[in-house]
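Each of the next two complexes has chain A plus one more chain, namely chain B in the first and chain C in the second.
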Partner chain A sequence: MHDIVIAGGGVGGTVVANLLAEELAPEISLGKVRIRLITDRPEHVYKPAFLYLAFGRTAPTAYRRPQRELLHPRVELVVDPVLAVDTSQRRVIGDSGQAYAYSRLVLAPGAQVVPERTPGLAEAGEQFYTEEGAARLYRRLEGFTGGSVVVSVIGVPHMCPVAPLEMIFMLDAFFRQRGRRDQVELIYTYPINRVHSNPAIAEWAAPELESRGIRTETFFNVERIDPQQKVIETLEGTSLPFDLLIGIPEHAAPPFLESSGLTDAGWVPTDRHTLRVKGHEGIYALGDVTDLPVSKAGSVAHYQAATVAANLAAEVRGLPPAARYQGKTFCFIETGTDQATFVEFDYDHPPRPVRPSRWIHWAKMAYNQSYWLTARGVI
Partner chain B sequence: MSREDMRRDVSASADGLPAELRLPDEVGQALAENQESLGRALRLLGRMEREGTLEELADLLAIVKMVKGALSDDMGTGAARRLESLGSLAADPILNELASRLPAALRAAEREAANVAPGWGGLLKHLRDPAVRRGLAFFLALARHLAPQPMTNGAAQNESPRSQPSPAT
Partner chain C sequence: MTQFAVDREIDARGSACPGPLMELIRAMKASRKGQVVALLSEDQGSKVDVPQWVEKAGHKLLAVEEDGNVTRFIVQKAR
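Then we have the complex of A and B:
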């Protein structure tokens, strides 16, 4: 009996489970394979929607679905937050005290934001990487009449690497549409010497920011925020006052991974092609928790899921796992509220953004609506 | 102007130009051979550019690049598998025959149901109708064949250890 346990009910875990249920249908029917997906909540949330939630352009009914509805009937759903992985006994321990034995384990729990790592950020800054944060930002933006708005990338790597750029472009469009752009100074900060970690995206984005009158500050490493004075202080010794701060907080893997000895420098060491966890037999990792030099983005988890599912299916059948992930990444980039572009790249080919257009914005809107087919493994 | 004249003109116009600015001979040859088509194409391009449709076309073509970039081998294979399943369904002669009867049956049922008074008498009367009996036999047989095969590994049995104990270690 092969007991496949998938820890995590985001896009990566859900797609792996569904692909395996389809691929291993005969083995599951014969009782040779069991697939269990363990997650901490009964609902599946489409996180990219939070960017739109921050502007009041979506509602919970659009980005939430019961996890059970998205899973193949052959996948068992267990709602029980993972507390630990006992790799020596090959079992996952849940918050309920239940232990789930595995012969193969997939780690796909996603990353978390940890604003508390930056002094003053939780008190003084807004963010849109959680549902609560995005909803709060929406209320702040609706009531914001003028002053300086700073979008500051504080923690790198973070989920959806282009989201801070999307946020600043959408802020520009938002204030223009409300006739308040001339009362708002928009400032974008980034910790290294360009506006994005990917050189090709930075090269494309810099003139786009400039053409909208958005001020940029690079080599800007936030050390602390003074909530009373509303000032950002940096390691470089500079300071920047703000009226509204939208900070991209530091990210981290869920604590159970570190306490279970599955991380190195904060993330899960993963083979960049096979997606096996280094030093641990029978464990795969995908999505935001890996230490791979790829974006922490849903598309990456989606593409990786196909590799993990193919390799697991091969192992179950006694075959060598032959599927290889090549670093494929695809991201839409909203460049306002009615224009977008996209980037696609892999380990060997850099991105080449195309001219933003309404067509691509519509494609992005259409994808947001059809995401549930992606989670089901249909597209 | 003949093609040969044009080719000579293109070559002659390059005389005196630095080598890096001269068109290769084969380009001059191609221009000469396609002068009418190129003229029409340039006029079309000019018109499209003036009307703004050239820009729209370029944006639209970016969608092709986007779809190609977003797809992977696995996604292509999966989509083809699902299309094949749909195609097999669509090509099944029995299903086609059933599907062709369905709209008329639905319309007739909707019409007749409005005139039928509910009650045991009406039910018994309908049960004596051979067509109704054939229909019932069909649905009973369908129910028997639709029944799922018992699964040795009970999926959907387990939602949460808090609501229902899960087989664990």
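Then we have the complex of A and C:
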């Protein structure tokens, strides 16, 4: 019997499970294949909603769903946080003490934020990369009447590379709508010498920031934050005072991967085309947890899921795993509260942002709803 | 080869833009004053980005060595 275990019930894990269950339905009926999804919570959370939560524009009922509802009936759901992967015995160990044997394993536990890696950040900074963080930021923004707001990209790589730009554009629109823009100074900082790691996106974003009166600081690598003085100190020797700091924290893979010997420099070493984990037989990885030079974005996890599912299905049938991921990425970029643009690119084709419009903003809003069909493997 | 004693060597070959510079920044964060870090990069952008950042951050670019496609930057943490 083929025992396929998927660790992590986010975008990547859920879509792989559903595509596989659909594709391998005959084999599952015959008892030749079993698909188990092991995750750490009974509910599925749509993380991109946190950007809107920070402005009070969405609610938990819209971005949480029971994981079971999203899964094909043939997928077995196990809620048991993974503590370790024992690659020599081919089994996953859960927090309950239970061991889950696998013949094929898929790693899709995503990335976590680790603000504690930057001294002072957890005490003095806000962030919108977790549900609690975004809800707290909303309360701060509602009560913020004037002063300097700094959106600072501290950790690279981080989830959704365009989200910090979206945040600053949305802050600009938010304060304008409330008639408070003239009392607020908006500052955006980035570690390298342009406003985004991707040159084409940086080239597009720089004039957009300037036209909104948003100050930018580049070559800005946060070393520590002084919570008493409310000052950011950088590796470059500069300091920047703030009234409200929104920091994009450092990110990390869940700790069980490192202790199981499945990381290299913090992330899971993954073949950029086959999505096999390097140095381990029978293990695939996708989504935010890989070390690939692609965006940590839901669209990436979604496209990669098709490759992983096709390769696993082929292996089950004794065929060569021929599917290849080509680096495909798609991101909407909110440029305010009612306009957006988008970028689409892959390993060989750089992005070309188009002129922002209301229609693209509505397409993103529609996508936020249809996400639940994406997770089910329908679109 | 270089005459500098290197404390840490980072091989950022094959790491796409802005990979190598971020790797160097991470290593400099983790180093002590006076330590020397060597960075290997194949990214053409590094030739501009790395010296610019080293100057801005007040560190010392001890040497830049080219070997075919690969550039080796040797940087000392000065602060």
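By definition in this document, the second predicted complex is superposed on the first by the 379 of 379 C-alpha atoms of A that agree within 3 Å, B and C clash if a C-alpha of one lies under 4 Å from a C-alpha of the other, contacts with A are read in each partner's own complex, and residues count from 1 in each chain.
Heads up, the rule we're going with is that a contact is a pair of C-beta atoms (placed from the backbone, for glycine too) under 8 Å apart; a residue touches a chain by one contact, two chains touch by 3 or more.
Computed from a prediction, not measured in an experiment: that's the story for all the values here.
*Asks:* After superposition on the shared chain, which partner residues are touched by A:Asn221: those of chain B (first), chain C (second), both, or neither?
*Replies:* In the superposition, A:Asn221 contacts chain C only.
*Asks:* By the touch definition at the top of the document, which applies to A:Ala314: first (chain B), second (chain C), both, or neither?
*Replies:* In the superposed model, A:Ala314 contacts neither chain B nor chain C.
*Asks:* Could you say whether A:Ala135 touches chain B, chain C, both of them, or neither, answering first, second, both or neither?
*Replies:* neither
*Asks:* In the superposed arrangement, does chain B or chain C reach more residues of chain A?
*Replies:* Touched residues of chain A are more numerous for B.
*Asks:* Figure out whether A:Leu83 sits in contact with chain B (first) or chain C (second), or with both, or with neither.
*Replies:* Touch status of A:Leu83: no partner.
*Asks:* Mind working out whether A:Met365 is in touch with chain B, chain C, both or neither, as first, second, both or neither?
*Replies:* neither
*Asks:* Classify the contacts of A:Lys328 with the two partner chains as first (chain B alone), second (chain C alone), both, or neither.
*Replies:* In the superposition, A:Lys328 contacts chain B only.
*Asks:* I'd like to know which partner A:Ser357 touches here: chain B for first, chain C for second, both or neither.
*Replies:* A:Ser357 contacts chain B only, not chain C.
*Asks:* Determine where on chain A the residues touched by chain B overlap those touched by chain C, and list them.
*Replies:* No residue of chain A touches both chain B and chain C.
*Asks:* Touching residues of chain B toward chain A in the complex: what are they?
*Replies:* Per the touch definition, chain B meets chain A at residues 58-60, 62-63, 65-66, 69-70, 72, 74-75, 78-79, 82, 149, 151-153, 155-162, 166, 168-169.
*Asks:* State the interface residues of chain C toward chain A in the complex, per the touch definition above.
*Replies:* It is residues 15-19, 21-22, 25, 28-29, 49, 52-53, 56-58, 79 of chain C that touch chain A.
*Asks:* Provide the residue numbers of chain A that touch chain B in the complex, in ascending order.
*Replies:* Interface residues on the chain A side: 28-31, 33-34, 36, 42, 68, 72-80, 91, 94, 96, 98-101, 299, 303, 306, 310, 328, 330, 342, 344, 354-355, 357-360, 363, 377-379.
*Asks:* For the complex, give me every residue of chain A touching chain C.
*Replies:* Going by the criterion above, the answer is residues 156, 191-193, 197, 199, 219, 221, 223, 235-237, 293.
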